[in-house]
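Consider the two complexes below, in which chain A is the common component and chain B and chain C are the respective partners.
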Partner chain A sequence: MLVHSRKARWALWTVFLVLFLPLFALPLLVVLGASFATHWSGVLPSGPTGANYRAATRGEALQALTTSLVTALTASVLALAAGTWAALAAAALGRRSRKAMDALFMLPVAVPSVVVGLAVLVAFSRPPMLLNGTRWIVITAHAVLVTAFAYQSVAAAITRLDPAYEQAAASLGARPGYVLWRVRLPLLLPSLTAAAGLCFALSMGELSATMMLYPPDWTPLPVLIYAATDRGALFTGSAIAVVLMAATLLVLLAVSRLRTRASYR
Partner chain B sequence: MAEVAPQVRVVRGGSRPGGGSRRSHTAPRPYKPLLWALPPIALLGLVFLYPLALVVRQSFQPDTGGFSLQPYADVLASESFGRALWTTVWLAVAATAGCLVLGFLLALVIAFVPFPGARTVARFVDVYLSFPSFLITLALLFIYGGTGIVGSFRFLTTPWGVLLAEITYFTPFVMRPLLAAFSGIDTAQIEAAGSLGARAPRIVRRIILPEALPALAAGGSLVLVLCLNEFGIVLFTGAKGVTTLPMLVYGKAILESDYPGACVVAVVNVLISVGLYGLYRVVSRRAGA
Partner chain C sequence: MAPAAPAAPAGIRFDGVTVAYHGTVVLDALDLTVEPGEVMALLGPSGSGKTTALRAVAGFVRPVAGRVLLGDRDVTDLPPHRRGIGMVVQQYALFPHMRVEDNVAFGLKARRTPKSEIRARVTEALELTGMAGYARRHPRELSGGQQQRVAIARALAVRPEVLLLDEPLSALDAQLRSGMLAELARLHRELPDVSILYVTHDQVEALTLADRIAVMDRARLRACGTPRELYRAPTDAFTASFVGGANLLPVTVRASGAEFAGTVIEVGTDGVAPGASATLCVRPHLVGLGDGPNRITGTLAELQWRGATHRLYVDVGGHRVMADVRELRQPPALGDEVALHFASEDAVLLPAGVAHG
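And now, the complex of A and B:
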């Protein structure tokens, strides 16, 4: 215990609450409150209604939700496959080439996502690979953006892996492919699911690159939220935002359940 | 588990005598791992490096065609670019400083002056990281918007509104590595210092801060890069007065269809961010984080 006097401790806790609540809890509460309201001109929202949610769960918004879910799911699977492969391949390399590969695969984090969007737009709007106007351009951009996070968490997990297991398997005559499939991947499963959750959440909330290249018939939720607030429909926008948060949290919860089961094995 | 047993038996039955077969697998070592690394590198090259190279190429190609430095001269000389560059840099630096101070204070209380529910707060911080950044601006629109709780619409369209949103959203990115670093500090050290008469500020300065420095450096530089690249927060304020480099890229490319200009701004933005990110990697590796 750092602070022993009771009074000082209470003072610190008050400061903590005064900083923490308005900064971190209030924004989420405000969005939640607004999603049930039609007016907000005083301290509290007024005009309780469920109409925002009716608008947020049908037609355009429902389509955007499925768009977001499909995009995030596909992009996460692609990113996880590429990131895991790259991390496993990097682990087998020498020290120097592994560092080079680390730098290469972490590069998309440093590049602004707007620029990633611009680059993908420029590259895939010309004949050899014409993806512009299709859903695949959005999915490609999302996969590029989240692969770095998949790579990072899998690479970190590989360095923590106890080599005794694979050595034992190999000394019993298991081939490298068998060791990978039966020993290494199962041991990596908890971090793989964690990486999948991270990729999914990031892709669900991705706005910057998406704004650069979404085709009219493939509008993910964040773009729809922006469109709603831009035309002044803040309350509908909040309801869609709550739907987005709820969908993300539900998937994360499912993934973390999977993870506990995986780590108990 | 039930499946594993027979599988192992099959392998044992089919295996050749130990040593020889092992060596035949490991003999072509030098190039085989490299071969396995090639497919993901090629994929990354196709969907990321090649597009980036095209952006660089297009930044040297004005609409009239040919190779020229004209787009650079035009953009770098324009007033809007200079303003955007300055806004981006000072917003990012100020937001990083704010996040570091606030994150350090909050993490300190959670870790060393724990209250009932402190663990829930720590988990809340984790959840916070999985939400998109523009939600914060959306909430601020209600709080400071025209008819909102506080109701000063002007505030949001100034850089200060963006600064507040960025500090709010990015502080958890500092808190998480800090909390991890704090959990590694031996509390006996703190107790010993306390029993020898050191007051709390002195303990923080002499014991906790040195221990937290690597995490602060790593978290701070990550937040700096993320702030330089932040787009959603600025877009949602709808402020015409606040233009950052990513906003400029979006505006030039999508709203004005000036692709060479957008590519020039993009190249500058990438150079700044990647340079800083390289610094972050060096710092965090030295810190062992």
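And now, the complex of A and C:
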């Protein structure tokens, strides 16, 4: 415990409750409240109903949920593979080239996602790489956006990895590929799963680039939420948002369980 | 590609090996031969280049000049995994995600040893190090000494011709260390064909375990010889003080001996011309208190009680002389005039021009 005196601890809790709770929890509670309502004219929502959820878990919305899950899963796997590969390659480079790699992978984070979306749209709208109009353009854009995060967390983990392990493995006669597969990747596994969770969550909530790219048969949930609120169906939109939240949280929970099983120390 | 099985026990040869990082020479033209089956200790303070020499054998640093040979194979340009060595490092580096048995089997699996053989070799290596009962444990469930044994078992399981030990005992506490020293000596008796390069900064480990000791200082090899040679007849001041600790007294050579602080000490001066300055090396535990041959007197500057012994620091003509004597019933007081003596055969005259430590 960092703070020892009882008074200081109370003060700290008060600050937390007054400042952080409204900032973080209240908006989510509002969405949760709205998702069960038909009217909201007073302080609290009124006209409790489950109809919003019936709409949010069937037909178009259900399909959008699957779309989002498939997109996020595929994009995360692609991003993790590319990011890990790049981070491992960067670790073997000299200082200057590694800096250049770091900067390159910072780009999708530094550039607004609308710009990334536009870039992907322009790049893949013409043969030979004609992805426009297919689901793959959405997945590609998501992968590009989240690879940066995968790269960064894996690169950070690699620098923390004690070189004594791979050296011990090499001295025992293991080829570099064997060392990678049997020693380095297993030791990086906790960071890899953390990166996967981060990528998945980011992809599940991506809207701005998706808006510019999605074909009619591949509408992810955030687009649906935007469309619903845009046409004034606030309460239905809220219900879909809660479904999005719950789905993301469930997957993250599963990943974090995997992570505790994968950590050795 | 698995390294070829050794036909005959192989030694290690350093042939003018020089290693430099960013223009700084950390190992300067090392010439050293470890005979097959020999235990060679590389002894020196930190930064002396001893670990660099070991890493050059393992293949983790690339010499800018010189060759490294294992037996008659030139391994200078081979990657680490094709050198056929076993290595144990200070922090053990056991793979935390593998059980003890999988750690020990790692090198065998990497070399595609048949499964039936792996099992036998793992058991053998674990029995050799007394860890057979811990095969199913994870490294984090073992104590430091046990992890150390597993690390040694892992290195021995691949039956290396050469075993590299990099400060293997320095992470253990004093009591465990002396136990592991005896253990390593026993291992070497059971595996007489394995050449061992043992890097340490601890002279006790080197004196106990090594057939020969190579003393390193500031990237250079200072002296190399059997522990007895280096201890009894050191050839330079650094070796004398680093191996066993020593009084290094500045003397002037005379016809009948060496003059120190006005007293002529009877000591062999063969080859040194009278009038030249030199260094006289005497081990503190060979210096006695009271009258005797080669008597010198001075004032007691410092007295330490060390249980079984007393250490006296005596100022003789502006130089400090150390003496370790059996515990004194009535020790002299600080500032007292005391007499010291030592036998002529316990003193070694070192040529001048040899820099002090």
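Some notes on this structure:
To be clear about the criterion, the second predicted complex is superposed on the first by the 247 of 265 C-alpha atoms of A that agree within 3 Å, B and C clash if a C-alpha of one lies under 4 Å from a C-alpha of the other, contacts with A are read in each partner's own complex, and residues count from 1 in each chain.
Keep in mind that, in the parts below, a residue touches a chain if its C-beta (ideal position, glycine included) is under 8 Å from a C-beta of that chain, and two chains touch if they have at least 3 such contacts.
Only a predicted model underlies this, so the values are computations on that prediction, with no experimental measurement involved.
Applying the stated contact rule after C-alpha superposition, one finds that A:A168 touches chain C and leaves chain B untouched. Of the two partner chains placed around the shared chain by superposition, neither chain B nor chain C is touched by A:R135.
When both complexes are overlaid on chain A, the residue A:F16 reaches chain B alone and has no touch with chain C. Contact with chain B, but none with chain C, is seen for A:M245 once the two complexes are overlaid on the shared chain. In the superposed pair of complexes, A:Y178 makes contact with chain B and with chain C alike.
Of the two partners, chain B and chain C, it is B that touches more residues of chain A.
Once chain A of one complex is fitted onto chain A of the other, the partner contacts of A:L187 are limited to chain C, with no touch recorded for chain B. Overlap of the chain B and chain C contact sets on chain A: residues 170-176, 178, 182, 265. Across the complex, chain A meets chain B through its residues 1-4, 8-9, 12-13, 15-16, 19-20, 23-24, 26-28, 30-31, 34, 39-43, 82, 85-86, 88-90, 92-93, 97, 101, 103-116, 118-124, 140, 143-144, 147, 170-176, 178, 182, 197-198, 201-202, 204-208, 211-212, 222, 225-226, 229-230, 234, 237-238, 241, 244-245, 248-249, 252, 265. Chain C makes touch with chain A in their complex at residues 1-3, 58-60, 79-87, 89, 91, 93, 95-97, 106-107, 110-111, 138, 140, 154-155, 158, 164.
Here chain A touches chain C in the complex through residues 162, 164-165, 167-176, 178-179, 182-183, 186-187, 189, 264-265, going by the rule given at the top. Chain B meets chain A in the complex at residues 1, 4, 7-8, 11-12, 14-16, 18, 21-22, 25, 33-34, 36-37, 39-41, 43-44, 47-48, 50-52, 54-55, 58, 102, 105-106, 108-109, 112-113, 115, 121, 124-125, 127-128, 130-136, 138-143, 145, 147-149, 167-168, 171-172, 190, 194, 200, 203-204, 225, 228-229, 231-232, 235-236, 238, 245-246, 249-250, 253-254, 259, 262-263, 266, 269-270, 273-274, 276-278, 281.
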